[in-house]
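In the two assemblies presented below, chain A is common to both, partnered first by chain B and then by chain C.
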Partner chain A sequence: MNVRPVSPRLTSPLRVPRAAAVGLLAIALWLPAPPFAAGHSPDPAMSWPLFAANDALEFRWMSNEVPPPRMRDAVVAAAGAATNSRGSRAPSITYAADGASTVEYGANVFCGVNGLACADAWHAPAHFHVAFRTHGHQFDWGRLQWCQLQTTITNGCFDIVNVAIDEFGHVLGLGHHVNLADQSDYLDAVVQTVSRARPKVGWDADVFGRCDVAKLQLRYDQVNTARPYSTCLDLPVALSMTVNDRSIRVGETVTFTVTLQVGTSSAYERLSGNLLSQRAVVLQRRVPGSSTWTTVATIPAVLASGTYQIRVSPTATYDWRGYFYKPAGEGLRASSSAPFSVTVSGGCTSGPCPQLPEPIVEQEGTR
Partner chain B sequence: MRLRRWTRNLGPPLLAAGAIALAIAPAVAGPGLPRVARTTAEVAARAPDVLPVCEDGALGPRPEPPDLAGAAWYRLDAVLDDVGALDGQRLALGRVGEVGEIDVALPVESFAAGPLGGRVLVGDDDGRRSRLRLVDAASSCVATIVEAEADVIRRAILEPSGSAIVEFRVDRANRADRGVWRRPLDGSPATLLLEPLPPNDRIGLVFATELAWSADRERLLVVSCGEIACLSRIVDQATGAALVVDDPDVGEPISLLGDQLVAYAACPAVPCSIVSRDLGSGRTRILAELAGLGVTVPTGGGLLIHEDYSGGDRLRVVRLDGAPLASLRLENGLRLVPNGHRAAAALELPAGVVAAAAGGRPRSAALPAVFLDAAGARWLPAGEIAP
Partner chain C sequence: MMGRSGRTGAGAVTTAAATVLLLVTASCSAPAPSPRPSAGPDATTALGPARTRSPTPDPSASGPGESPPSPVSPSVPAISDAPLAFLVVGGERFPGEVGGFTFGPYTQSAPWLPARALDTVALEPGADVRIVLDDRAAIEAWSARLAAADDVTGDAVAQLASGSGVVATFAAPGAGDWVLAISITYTGGRGDGIYFWHVVVGR
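Presenting the complex of A and B:
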């Protein structure tokens, strides 16, 4: 996390806050924008219907088109890997002998003349269908080899797990990732237009890539308020901060309350307005008229999702704001609340006044 | 009606002839094809015999079936080994109205094309040479067209006139595109008809190249598909000029009707939109959305019939200007029989008729069928096409 140093925590006598709390809602200004990180955008969407969030999809082998055992093992493993790496409320995918969906070995009329495998989820949310071409299928460029079906693995083979995750990604509504011109972001997605054969980098990627996960999060929502957003996203964050009293005397304590959430826009699909908990939000102040902000403390999260709170006993009048630094490990933008002043009377009235860190009297709640 | 007349003409002698079953094994050298009287493929595999070689002149030009009774059908099925790897293909072919079929065992690198005039073109490659043979379903004989081509012949089709073969080849050593060649059946040397496709970043590595004729049979459609995207080249037989359709909105073609290239959009699978690309204006029109398999007929000014995923199990018929014409219920389990390279199966049908089969792949010619014309579409009574 990119958090500025926090002033040492000091203590001072408590003063009961005024009964009539003053609330100031200051919402950071931001404009809706595509929630994508430059250069590695989330996968596009397939146009077929979505399955329900958190649904449990089960597939069976299509009768008379059952894959050979080693392919079955790999497809089942891929379903598990897709489920474990989906990072969202996208449905889980598992094998069940009586599953409503089907996996087929042999493409026939379904896939057309090209491709290693294909998927159909137009009947979502009822069921899906995935087909894999047969090991040894002859293409113009040569013979298709599935690595798991080879006696001795050779270069040029394709990883069933990798291709199956690609197909399951389609089932869940992911289109092929649009790569940068130099393909430098190929590893950002398993759902790719062009599959890579062994030993090209990414040939055996066996979990969803971050741009796959990003689209799954957009389409199905995040698992909970604490889970990180894919770094393939670049979501704006709305940070609002209130204080219970804007005018106090020296020695009194005020409580700053922050609400942190994803910006609101249809562009952010299911993530729009999501509360953000367990993040690092800091409290900053500046001398009125100054442009330099100083971080005073990290504001602890409270139990309510997306809410952070801290009690402070300021010794002088300052402007205050909450600030959220762009985290290194997830796709959220930096954000700050609109600043407001808390006037402190009875303190130093003739300068130069001592510039001491504000005593933090208490941090409520837990991180 | 012509269809009924064809049906009436089918008789017991044809049924008897159709009981002949044959098998071809690529390891067997010689001009003929191994054959057996069969009831199952296993019997065929145990008792190879040789399908008679067609007599001289038996395979002269015959662009149209003389009657539906002479029409043929074929189907390719994968043959897997013990570990599930493709070990070869089994070609079954037969004639409309006959009970029996010919079974042909083919290697992995093999294909079938047609039927045209009751004949199925069969290509196979044993790793050292490619062969082309023409099986005449009517006379149950085979003629060798190419015995030992050094390049790999990936695909080939008969010219509509029946007087030449057009074939797509790749280099045996490195699988590089070697272009499309025309080989007269009179023994003249093959000539290059279309240069190899230059590298194309949009479609990437070419997975499949397919050949087809336009509905007017005057232009050759050469389709090259990468892992997802396709590119079409249309060669005018009269002038040799090639028109390239390199458009990300146009995927695997279904047919070329006049100046309309009817194709799936760029989808990895069906369902998919079906589009029509006007070769003159370059304009692309969506004919159907959420379409399953689609087939066109030239009758009625050109019609598309397609499976419709948006409204249940139905077939819809649209004109090439996008105007809806008709809608029919598609019985459960049936699918339209698409073109031969997609279905790995095909059958000759009278003009304006399309067939439906379980899984979209015929096992015989006795299939439900739809008759289409400018007035609409209707299911043909059972047995109308073939008993």
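Presenting the complex of A and C:
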């Protein structure tokens, strides 16, 4: 996740009083491991209705509750950042003077007693409300300071952009991310239960985190078949491969056709069964009876979404399969097609087979 | 077994709170809570007025329910509201302070709540502690975490316990002055909330 420096950071180490540290250590040693640890999962869903995919949501400033200029600038920037980092068909969010939704700023907004900001999209897809508490508002927990409204930025202030993206994430249907027990995955999401003030890690994260994007992809769908899936996802992949002829004579050519798509399950919401284009799919073979697969070539993508094709002139009988390695940069699992044999007659007649030459590979299409 | 003090923000404690403090601490065996932590490094922070919420008997007969949140006007949102959470110990219930939450039509962002913003509950080490919600929601999963009371932003938080079920139950931590935070996922996909108590555990 990118973080946007608002000011020079103070990177002091964690302040843990010695007595407290000893106490926490004692607790850590004494307590059993938790029975579950939900983390590195997509954000949960809000219970309110969804806006339509690819909708263009517009907000205006609520009359008599208009934020000061620097907050308006920050909120508009946050809307742009949320839109640009949503990685899905989630609605875009922009300011418009006649927008159906509202953003307000004041002491008596609809937030609860400890809320520095809040959101309400119960009436989606019609409109949403977002509210920010007044700079300087006195809470029981302290006096609210918005970093962008300070003359000199101080520790303890809250980044308007970060908090606004959190609220816009809620508007789009994201619940609070469930962090690991040690909070080490806090940066996986902007939509968090506990907002962090400067200079704690994540205080100024200014784009959706990967687990925010993952849920947006699940709820609204991926932008197109070629765009990467969030690494917060762990989607199974279905790879099927066919060949136009399973019995040929040596010198003839066969065409292998692969279809690659996300596995099918209601658990994958809008992503279920999505075709996967522009991925690296390889063709593998093995001598019948062997357990060792050899990669023959990368199978090029063709124009049809999620389809890959290659022509090969085998010199001997082999088992064939298509294989998709788990990519490092997206949340897809490895997958393999069911193997099948292509029998070649008139070729290798005395062992060990195969004999040279290697299969002739003709690649078509573009990747 | 336990004692309780109201918040001592700005050094002011109402007469009612002082009375509760005296009565409760006089009738229980736990030591008096340690002094409240200092305001910490945030010089811009000021303390709020003291509150005097009193513990209430635990009406264990009234379990959590699933009644829906109140409907709201589309144009004028009502005030955000989350279910109340209570720390129950020794037959008394102490309401927690909700920070960030999502529930029904609302969500709000809030920071880690420091001890100065919380009511104080005095406990004995290892005491059986239960957390329950009011009748607007039920617990699906929960996680209890702990930070030193003078850690005003929750920089060093330790996992205390976690589980699932309608009632969260765990043993009070060891002696110390703590902020106890319980993250609760409400049943039925209705959201989540984090609740805080200032817990003073005697030796």
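What we mean here is this: the second predicted complex is superposed on the first by the 318 of 367 C-alpha atoms of A that agree within 3 Å, B and C clash if a C-alpha of one lies under 4 Å from a C-alpha of the other, contacts with A are read in each partner's own complex, and residues count from 1 in each chain.
The rule is short, and it goes like this: contacts are C-beta pairs under 8 Å (C-beta built on N, C-alpha and C of every residue); 3 or more make two chains touch, one makes a residue touch a chain.
What you are looking at is a predicted structure, and each value in this text was computed from that prediction instead of being measured.
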First (chain B), second (chain C), both or neither touched by A:Y105: first
First (chain B), second (chain C), both or neither touched by A:H170: both
First (chain B), second (chain C), both or neither touched by A:Q183: second
First, second, both or neither for A:T134, with chain B first and chain C second: first
Superposition-derived comparison: chain B or chain C, residues of chain A touched: C
Which superposed partner A:S266 touches (first chain B, second chain C, both, neither): neither
Partner chain(s) touched by A:S195 [first = chain B, second = chain C, both, neither]: both
Which superposed partner A:L149 touches (first chain B, second chain C, both, neither): first
Contacts of A:A119 with chain B and chain C, given as first, second, both or neither: both
Touched partner set for A:P67, first chain B, second chain C, both or neither: first
Shared contact residues on chain A - chain B and chain C: 110-112, 114-116, 118-120, 122, 131, 138-143, 170, 176, 193-195
Touch list for chain A against partner chain B, complex: 67-71, 105-106, 108-116, 118-120, 122, 131, 134-143, 149, 170, 176, 193-195
Residue ranges of chain A in contact with chain C within the complex: 14-17, 19-21, 23-24, 26-28, 30-31, 34-38, 44-48, 110-112, 114-120, 122-123, 126-127, 129, 131, 138-143, 145, 154-156, 158, 163, 166-167, 170, 175-176, 178, 181-183, 192-197, 200
Residues of chain C touching chain A in the complex: 7, 9, 41-42, 44-48, 51, 72, 74, 77-82, 97-102, 104-114, 116-117, 141, 143, 145-148, 150-151, 153-164, 173-176, 178, 183, 185, 188-194
Interfacial residue positions of chain B with respect to chain A in the complex: 78, 80, 83-87, 108-109, 154, 170, 175, 177, 204-210, 223, 225-230, 251-252, 264, 268-271, 290, 293, 309, 335, 338, 341-344, 359-361
